[in-house]
Each structure stands twice: as structure tokens, then as C-alpha cells.
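Letters are used for the chains, namely A, B, C, D and E, taken in the order the chains are written, and counting of residues starts over at 1 for each.
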Amino acid sequence: MTTLPDAPPADVVAPRSRRRPGRTLLGAGLIVAVLLAGLSVPYIIKDPYTMGLVLEMALLGLPALGIGFLARHLGLISLGHSAFFGAAAYSVGIAVNRWDLSLTAAVGFAVVVGTLVSLVMGVLVVRASGMGFLMLTLALSMALWQLALQTSFRPWTGAHDGLLINAGADASFLGMGPREIQDPGLFWAGVWVSLMGAALVLWLVGRSRFGVLLEGIRENEERMRFSGYGTFLPRLAAFTLTGVVASLGGALFAVNAGYISPDILGFTRAGDSLIAVLIGGPASLAGPLIGTGLFVWAQAHLNFGGNLHLFTGIALILVLVFLPGGLTGAVQRIARALRKGGSR
Amino acid sequence: MSIFSASGLTVRYGALAALTDVAIELEPGVVHGVIGPNGAGKSTFIDALSGRRRPSSGVVRLDGDDITRRSVRWRRAHGVSRSFQRTSVFGSMTVRTQLEMIARRNDEPDLDEIVSTLGLDEVQDQVCSEIAYGTQRSVDLAIALIGRPRVVLLDEPCAGLVADESVRMLEHVRTLCTERDVAALLVEHDVEGVFRTCDVITVLDLGSVLATGAPAEVRANPDVVRAYLGSAA
Amino acid sequence: MNAAQLLNGIALGSLLMVLSSGLAMIYGLRGVTNFAHGALYMSGAYLAYTLSDRLSFWAALVLVPVILAVIGVVLEMVFFRPLQHRSHIELGLITFGLALIAERLVVLIWGEKTLSVDPPPGLTGTTSVLGVDYPTYRLGIIVVALALAAILVMWLRYTRTGLYVRAASQDIETAGIMGIDVNRVSLIVVSFGAALAGLAGTLAAPYVSLDPNMGNSFLIIVLIVVVIGGIGSIGGAMVAGMGLGIIQTVSTVWSPSVAVVVPYVALVVVLLWRPQGLAGKRVS
Amino acid sequence: GSASSNDSGSDGGDDSTIKIALIPPTSGALAQFGTDAVKGWQVAADMVNAKGGIDGHKVELITKGTDADPATTIRVAKEAVTQDGAQFIGAVMTSPEHAALNAQLAGMGALDFNALGKDDALVGEQCSPNAFHIVQTSSMDLNGLASSIDEMPGDKWAIMAVDYATGHSAADKFTEEAEKAGKTIVSTQFAPLNTTDFGSYITKIKDSGADAVFAVEYGADGVAFVKQAEQFNLSSQVKTVLGFNMVSEPLFPTLGDSIVGYYNNVGYDVNADNDLNQEFVDAYTKANGSAPYYVPADNFLAAETLFAGIEKAGSTDPDDVAAALNDLTFDSIDGSVTLRGADHQLLRPSYLGQVEGSGKDLSFKILSSAEASTTTPEPSADCKM
Amino acid sequence: MSTVLEFRHVSASYAGARILQDVSFAIEEGETVGLVGRNGAGKSTTLLSVYGVPQVTGEILVAGKPLRGGAHVPTSRGVSLVPQGKRIFSNLTVEENILLGRASRRHGSWTLDAVYDLFPNLARGKGRPGTSLSGGEQQMLAIARSLMSEPALLMLDEPTEGLAPVIIDAIVEALMEIQSRGTALLLVEQHIGMIQKVAQRYLALRSGQLVGEGAVSQLEDRAVQELIAL
């Protein structure tokens, strides 16, 4: 009863901070290995449809990484990251359509915008905790959604019609032409590298002294202040960092999709990404990615007869009821049990 | 002159005045006890001195400068530190991690000394929420002592400790205070302990000072006996 | 801006009040953000549609809350009680899953068509109040909601059970140690909260049109109301609900496209001004 | 469900079959229309297959589903084309979905037949050589109404429109036409999509002293508006309600007698007496137990268009079909229609109807019909094929 | 003379971590027992086991009958607890906090007035939020609350933690009086002196096991103190 009702308790998030440099290296190495392995995916998955799904997993994986990081290190559950994702996506469209920036420039611009959005939102929300934080992030992203729908912004956002990005026939991004950009197989490399890069950064930050600082704030904000630490800026920094990651995802998504619908900012999307993260389990770096992967896969394969939501709901309940802490949570528990068993 | 002093401190919670016109002066190396009945305003007093709660009037001085409106962080950075009546540690972290974290901020030259004096060596790598309550209180004290603060405000460090542990705790306070030349303010209900440890004692009652002086005279003061000590006199 | 517009605001506020007080109760006791509350409200409306079709609106007004109360019992027994030691966000998402399922079930039973319910014979047409002709039915909603609010407050303030509910919402473990049968209390609260959602649904049925999304659109607003009110504080939720209803309507009169962001802005402003929400209980 | 897709894998099976992917919304407020759209295609397919297909090619419908989120629709479309070998797409519902789809069609090498998305932009800057616009655009519908405004009772008009592209263009267009017809607009309001409480809007209309209302509200919003208008007893003051895409046959049972006398644009005239239509209405009624309305009808018309193209091209290859369809004129359930090559808009009449009857048997009485020549704007300059 | 509370081979654990090991003891009607042990020995856990707060194995009997059902059962059968750390309800007024004791639905001689003259501070603050009281005042409130439930056995977990000597005197008197009304007491205390004053018997816990038991007089005995490492 002393813990914040909505701050996930230790079994959901909160790594026990016994950090050894050895493990940091190991983890970093692991990520790099996965990075290299991942680059070969397009050569394994030939069929464009499946490849498209995999690409979507990676793109949505970026915001998921951010949500997971916040849950792990600040005990904050965010519904706001789809907003950064969306804001960045729209920025690409606006930059290209209105100011005919090159796609590459537009992506840069979009990441900046998305980051600024997360910074502003952060200033407003990081003081809150638990339910308050959840609702504030939700409210602010809903507000953004409503703004995107405003008819007066139609020339910019296309309101309900969404935004068609016409980069023109000579468009190019990282040396890819308009056709290649839409080909998931070719677009993959860039996305995958970004994803793994983000994962690596977040991992290192999490293990760094800054990570410890965040944990301290999560555990006992007041004592941190009485120990001479500022608690606002570190929180804000962490929040914005995850904002950058989410924005990157949104920008790349926009380039590849060529069209942005307002739903990208909607409640459903926010909910989806959070669901994905909790199914995967936020307690580990990989959890949110795995969760997102599964979620996207399910969305594609459970979607018949209009029963998508029915199945999603059932799946969600089953996972959460029987696997507290999500899939990776369950795995970790088993692992811990085994280790205990071994040590006895 | 004293390094840390307060005068005319008054704190109100709505209508109720928890503290009225209280003054105190802390000297380096001196342990200044503050005792008094429950609700006398001791924690409120510490809150006001440590910047947790703004006094409605009165001034707090460090080296003679008015710091009444300074932030909690500023005070800690300038050597004013406190502990809490309810144990306040970092539950999910190991003792080592959290002490090192605090030490980094307040550049503590000799963390090991604190650790060993408070007998925390063997629990260093245990997660704080899993160690016994008494030890947690020691960690709490350690956090307050890191970074060679010049002033420490301790709110009932011995609350809930077994007799001998609370004796040890007070001995730590005593030694650290003398060795490191800290000005300490000690709120404690363990009467014997207080009279044993402190050089000066202020008695609060109903939010104002009832008596101040050397332990012996305070103990002899009939008002104090009536209002606070009772059979413990 | 005239009396009719004010009444419009109060009518909307009344609905929000009934819905959010139920949500706040459940949150207070089980710490669950009940994302299924919108779905309960929607189910209530659809049940009201069928019942007022088969029997009468008045029958629906009585029966729907009862049915929803039973659903509440199931919620408590199957999810909230067995999972009470789980993280609250996980519980919250479970209710989210329930909402998804409920929506689909409603569609499978009643179809996707937009439906509508006619006000009961007694309450059709308009009545003249404050010098304007105003729909009698909406006046009805206002009366019912305000009466309900009064009863609820009385119950919490002055009855033994009310005291136990407040205690259990603060610290369920200690409440148990003090000799309060917390399972019983939370059963009462959850089923009552669900019943309130059902009542709101019934009241709303002739007011708005019924479609499977009616729950979602309302849910977010209601969640916001609860947070503004001060999470877990029923009184706060009521005040916030009525307040937001009125502000929302007034701003709609002024500029609909601004009005859509009013709830969100309101939330941010209130939480910046009072992080604990209006009622001042810790938001967390 | 997607049952009807053939199990012979993603190789497209027998090349000579014409594979059409249907991607209607299967959940949410639009699902009803989605179901009916599929019915339209189904009837068309059954009719041609009964006749042995189009010069030998059997028609196969691959019915998918979407939640009307463009992202989902795109994913499903790609799946249908790459996995199931569909060459043609139909029954996609909303304008945003079509906008998204148009951007990708060329890449997919498939043709889309839009019988539902009315947004003008789809034949404007969002047009695509692979997309065909079967349904009338909003401006065609509006022009259809315009001519009849002056015949409707009421001089002081209030406009109640959805805060949505079509809502605004409709409002502007109507204001223009109404003023031409010597009427005055006393109030113009836009309500956000998914507005549930129209109380404050209706109160404003009443305060404005309007005696006629032009309403552009869809689906649930429309129902809410009509019902609440009734509760506010708006009819005591308003002589005419002219709906735009607001009331349609599926809503009649829901809305009941409160809409008797309402005017509304009608996309398709069930009673149009030409043989093709008779044949369609009979077949449809036989298959589904109720007469068709514009959604199934327009989708049937989409099928007719596709089939006409295939016959003309003598091939099922999307590019040939697209080429063949340019400026093709053919007979349809909507009489003789032409597919304009410049922007791929199908040129067809628009109608104005009024709700008549009572209780269970409400229906549209067609008051007037406006020819495509009078209603259809010139091809937009923004449309580059 | 019958037993009010009996532990039979009780073990208790938190999240899998064993805290109590096979603890057995009985408390007779009307007697006062002191429970001693170092910090973390498991004293609080022992008391909380009665309410099933930790996971409990073994058998706990109240008034000779095994416990069944929720946490509220022991209290309604006359075993009530003054928990460590007070656990005051911040959203209830002081008076409402006291009235919670009535949840036990047992009837007897303790009334609001009775507890108010036992603890005058409470009378002064009765309208205020429970947690706005000072630490010590909250302690009094917790005791008052339990008294209102008319216990046959009152278990107090460090009732004098953070209390002024005068208050401690008051509480000792209060406990004496409660005793004299035939209420059994199970007292967890750090002040051995107080235990010797109030209790007849002591139970000693050491890292979750019952290591000693006997007349309070023995607590003087060095050997005993060694044994339980006080």
C-alpha cells in the first residue's frame, strides 16, 4: 500500500541494480550480433507481404523500446509515444509536401519536431506518476490527434483524409528511389540499423550512472532531492530520449508508407503499442520488441470476420492473467527459479 | 558564532500552529538534542530547517546568511543534510549502489569509513528492501552523512531499534559528529540515549521551547518532567 | 448563451457524473483503472434498447442496472479478486481486453447498425423551464443524476458501509486487519459501480444514438474526469464530471473545434495546478 | 470471412479466373455498409458466372476485411494481391482508405473500383491511373440537389454539417446555391465527427429562427441529430430538412417516422426501369430478401464497369483493362454511363428523394433526377494520370 | 482457562522467502505475553500471520477454532492488532479512524469517550485527517482504534515506538487497565523494561524461530539474553 498503485511493482519492471561491467559488455555485444544477423532477413524472407509485416514490426518496435525504457527505469507507463511517432510522421509529410524538402532532410526535420513535442509534453507530465502520468500522456496525445483533425489545418495535415506524401518521381532516400522506398526488403536495412542503434543506446544509458540516477528517482524521489539531486531534469531527459527514439520510428514509417492517416495519433494506436509492450514484458530490453512483433503478427493473422478485436482482447487477457510480467517476465521467472534450484 | 541557526520559526498547518517562534543554534562538533511530547513539533521543526516546509515566519541561517527560501537541493549542496522519521532508503537498489550514487553527487572522499563505522560492510551487496529494519535505519543515516555535511538533522534515528542497536546508533552519531566536526540536531524519544549523547538539549512543547540547556539541568527541570519525562526522569 | 445551453451542459454533466463516480469507486477499491467502464456503459445502452422494446423504458431503467450489477459481480469474482496482488497497469489492460471483447459481442448480438431508443411516453416533447422550452427527457436525466449523487454522498458519508468503503479504498490490507470484510465491500462497490455504468447507459440510450463505439468515445472523457476529480475520490469525480460537462457545452457553443480539446486541456491545467486532482487525494 | 479465397496457394491458381479482392470494413460503425457492398459484388459475380463468366473467365471474389484504418486496408490489399493473386480491388469504403490505396496501386499493379468514397480529391490530386471512381463525388451530389432548392419550403436556412472535408465543401456549395435561389442562410455550424450530443447545436438553430435546415451528418451522428432534433421539437419551427448523405434506407427502421418528409440526395434509383436494373433488383432481392439501396447497387455498378472493361480489352491483365476503360461508354443499371478518361470518374445521374410512407415501410420518392452533364465538374487540373 | 490464540507449527513466507519456521505457542485468556527478538527476527510477521498477510502454512486457532476466511475473521473473533507503523487512514478523520474498530461488530465497554480520556490528544484532533497527527499521536490513534473492537486478545506491535516517556507511562497504565478488564495481551516491544512491567510470560524469536519462552523474570538472566541475542 506504500507503493504507488499504478507504478508497476518489482515483478513487472524494476531490474535489481546489480550491474557488473561484464554484463554490460555482454549485452552490448549481443545487440551488435543481433544487428548483423538481422541484416540478412530480406535474403531469407523473399515474399514482400511477410517482409512488409516484419518491417512494420521493426518500425513500431522503436516507440515500444521507448515505452519499455520508461516503465523499467522510471516506473512510468506512457500512452504518449504514439504521439511522437505520429508527430514525426506528419512532419515528414508536411516538410515534403509544403516545403518540398528532400526525404532525407524531412526525416531529420521530423525527428527534431517529434523530439520537441516529447520535450514539451515531458515538461508537463514528468512530475506526475502512476495513473496521473498515464492519463496526462493519453490526454496530450489525444489533444494532438484532435489538432491533426482540425479542418483549419487541412492544408497541412489533410484532417480526416490523412496526408499523402508526394515526394515526386525523383524522390530518393538513402540512395533509394521512390519504388525502392516502398519495397520493404530494400527499406529494411535502414530501419533495422536504427532499431538496433536505439536499443543499444537505451541499453547503455540504462546501465550507466544516469540509469542508476533514474532508478533512484523512481524508488524514492524525495530522498533524492534531500540528497542534493535534481529530479526533474533527469526525468525529462529520459522521457525526451525515448521521444527521440519514437520519432525516428515515425519518420521512417512515413517515408515507407507514403501516406499518414490520423488514426496514427488515435487512442487505439496508443493502446496497441502499450498492449504490445506489456505482452512482451517491459522488464527487459527485448520484451517490448518481442511483444510488438507478436502483436503485429496477430493483427495480420487474426484479422478475419471482423473479429480482430475479439481475438486481441482474448489473447491480451490470457497473456496477462497467466503470464504476469509478460512473456519475457515469465521467461525470467523460470530462469530465476532454475538458478535458485541450481544454487541450492 | 554558530554555523547553523534559526530564530522566530513559526509553522502553521492551516489554523493549527505546529511551531511558534522557535529559535536554535547549532555548533560544529556539538550534538544538540531536541525532545518533547508527541506532537510538540519536532518533525515540523526539522522540516522547516531542512526546507521541506516553508515557515510562515522566521529565518534559518547558515554561516549567518539567510537561507530560509533556499531549495532543499541547495541546502544539501551547502552541507545541510537530514534523515527521516520514517525510514527513507532506495528499496530496490543494493546498499552499495545507492551509497555510491549519493557519494558521487556529494563527492564523499571516504565512503568506506562511513560504511564500516555503521557496520554495513556485509550487507553492501544486498538489495535494501531485503535487509532487516535496523540495518535499513543505518543505511538511512549513512545517506544523510555522506559528503561531509556540516549540519545533520536527525529525526528519531533509533525509532524501532532494539535497545543495543539504538545504543550503537547513537554512538555512531556521537563519533561521526565529533570526528567529522558536524553540527548535529538529534530528535529522539530514547530518553536515556538522548541524555547520554547530547551536549545541549532543547525541549519543545506545544510548538514552542519549554527549556534549553545541559542535559542535567533539563532533566531536573520540573516542567520538563511533567510535560515529557514522567517516570523516566 | 442562454438557459437552454446551460441545461445542455448540466444534462451532459449529469451523465458524466453518474459514469465517473462508478469508475472512481472501482478504482478506489481495487486500484484498477477500469477501461471496461465504457463497454459496460455501452452494454447498458443496448440492453436498455432491447428491454424498452420488449417491456418498457421504465422496466429497463430498473433491470439494466441490476443486470450490470451481476456483470460487476463476475468482474470482481473472476478478475479483480483473484488478481488483486497484480500490478495495477496489468489489471487495467485486462479490463481493456474485456472492453474489446464486449464491443465485439455487442456487435454480434445487436449488429453494427446505429440504433436509437425513444424516450418513455411520459417524457417526450418539451417542458418550459427558465423561460425556454427544453426536452422533458433531458430534464429527467438531470433530476435522476442529481438525486443519485445526493444518495451516493449520503451513503458514503453517513453509513457504516460507506465508512468501510472509504477505508478500504485507502488501504485494503489494513482495512481487512481492522475487521472489515474487504471482499464483501469490494463486491458491493464493483457491482454498484457497474450498475451505475448500466444506469448511465440506460439514461443515455434515448439521449444519444447507439453504436458499438459509443463506449470508447465516452471512456476517455470519463477517465479524464476521474483524474481531474482526484483519483479514487467519488465526490471529486462528481464535481469534475458536472463541471466538465458544462464547460464542454459552453465551449461547444463558442467554438466546436476548440471544444474537442477542452477536456484534455482541462486535465493538464488541473494537474499542473493540483497534482492530486481537485479532491487532493494522491494521484498515483 | 476470407473463406471464399481459393486454397491453391499464392501462385494465383488458374490464370484465366478474374480475382477480385473485396476489402470492406468488417467492424465499427461502417461494417453494415461493408456487408452490403460485398452483397452487391456477390450478386454481380454470381450473375456473370451463371452465364459462364466473361468470355470464359470465371469471376472469383476474395473477401477480406479491414477496420477502415488505411494502414490496415493497405496491408490487407497487399496481402490479397501478393498472396492471393488478386488483380482487382473493390468494396473499400472510406475516402482516406482510397487515398492511401491510390498512392500504392501502381506499385501493386492492381486496379481499384471505388463505389463508396465520395471525396472529390480522389479524382483530383489523389487520382491514380489504377483507380476508378464509380460513385458520384460530393460535388456531383450537391449539384444534383442545387436545382431543387428553390422548390423547397422555407426561406431562412440553417446549415448543420460535419466538420469534415465534405461537410465544408457541401456547406459552401449549398450557401452559394441557396443564395442564388433567393434564400438566406441564418446559421452555419460544423460539428466534429462522432458528436453524440447535438443539444447545443440544435438550440442554436432554434435561436437563429431558421425555418429550414440543410444537414450533412453521417451514420451515428445523423441518427443522433435527427432524434435529438425531435426531442427538442425542432419540427415545430422548421418546415424543411434537406439531408446530404444523411438518411438512407438502412437507417429507416432506426429513424422511424421522425424523418417522413425529409429530403435527401439519392445515389441510385431502385425503380429505374431499365432491364439491367430489373434483373439486378430481382437477383439481389432473391439473394438477400430485401431490395438493394445505393451501397450494394453502386458496388454492382463497379462490377459492371470492371466486366465491361475486361470484355472491351479481351484480357484480364490490369493494364489492358485500365486502358480499355478509358472513355468507355456502356449500359448499366444506371442507364448508359461513361467512364471519363481524364480523371476516371464514371459519369452518371444524381437524384433527389423525399422520405414517404410510415412505420415499417418508409421509402424514397424520387423527386428529380439530374444528368451527369449538369452535375459533373470538369476534370480537375490536379489530376495527373 | 481456555486459549484465545494458538499457533501450531506455523511457517510464514513473503514472496517465497521463508520468514517464520515452524512456530508453535498458545496464549491463554487474560494473560499478557511479551514477544521479543531483534529487528527482523519475525515478530511483526508472526502477528501478521494471524491475518494471512504473509503466506502461512500450519494451523492458527482463535478461541480453539481454526481460522477460515478473509483477514477480517480474527478481529471479529476477538483478536485485534495495533500494527507496526500505525497504518492510519489519511482519508478518514481521527474519529472515523477510531470508529473503524467497530467493524469487528463486538460489543463491550470501550466507547469514544473512554478512549478520548485515555488519549486526550486524540480528542483535540478528532476532526482532522488521521495522518495529520504527529507520529506519536498516530500511535495512540492506532491503539484506540483496536480497543474499539473490544478484543479478547490485543496484539500490539511496538506500541511505544516513537513515543514520549509520559505517553509511554500513559500507555503502560492503559495496558494495565485493559489487562485488568480480562483482555489478553500479546506485546511486541524493544523496551524489555516495559515487558517486564506488563507481561507475565515472554516468547523469544530469533531469525524466524521460537528460541525461548518463560517467565519475564528470566529476561534478567544473561544466559537467556545471550540465547535470544538481545
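Definition applied: a residue touches a chain if its C-beta (ideal position, glycine included) is under 8 Å from a C-beta of that chain, and two chains touch if they have at least 3 such contacts.
What you see is a predicted model, and the numbers here were worked out from it, not measured in a lab.
According to the touch definition, list the chains common to the neighbour sets of chain B and chain E.
none
Work out the mean Cα position per chain and let me know which chain is farthest from chain B.
Of all chains, D has its centre farthest from that of chain B.
Take the average of all CA coordinates in chain A, do the same for chain B, and state the distance between these two points in whole angstrom.
Averaging C-alpha atoms per chain gives centres 45 Å apart.
Just curious, how far off is chain E from chain C if you go by their C-alpha centres, in Å?
Measuring from centre to centre gives 42 Å for this pair.
Rounded to the nearest whole Å, what is the centre-to-centre distance of chain A and chain C, using the mean of the C-alpha atoms as each centre?
Each chain's C-alpha centroid was found; their separation is 32 Å.
Taking the mean of the C-alpha atoms as each chain's centre, how many Å separate chain A from chain D?
Roughly 38 Å separates the two chain centres.
Give me the residue numbers in chain C that touch at least two other chains, ranges are fine.
Residues 104, 107, 171, 173-174, 257, 260 of chain C each touch two or more of the other chains.
By residue number and range, which residues of chain A touch two or more other chains?
In chain A, 149, 151, 306, 309 touch at least two other chains.
I need the residues of chain B touching at least two other chains; which ones are they?
As it turns out, chain B has no residue touching two or more other chains.
So which chains end up touching which?
A-B, A-C, A-D, B-E, C-D, C-E
Over in the complex, which chain C residues touch chain D? Could you list them?
Touch residues, chain C against chain D: 2, 4-5, 8, 11-12, 104, 107, 111-116, 119, 124-126, 133, 135, 137-138, 206-214, 217-218, 249, 252-253, 256-257, 259-260.
If you look only at chain A, which of its residues touch chain C in the complex?
Result: residues 1, 4-9, 11-12, 77, 124, 127-132, 134-136, 138-140, 142-143, 146-147, 149-152, 267, 271, 274-275, 278, 306-307, 309-310, 312-317, 320-321, 324 of chain A touch chain C.
For the complex, give me every residue of chain D touching chain A.
Residue positions touching the partner: 1-2, 10, 26-27, 31, 64-67, 69-72, 74-76, 78-79, 82-83, 95-96, 99-100, 102-104, 107, 119, 121, 125-126, 163-165, 168, 190, 192-193.
Any idea which chain E residues touch chain B in the complex?
Residues in contact with chain B: 17, 38-40, 84-85, 121, 132-137, 139-140, 158, 161-169, 190-192, 230.
Under the definition above, what is the set of chain B residues touching chain E in their complex?
Listed in rising order, the residues are 13, 35-40, 43, 85-86, 130-135, 156, 159-166, 189, 191, 227-232.
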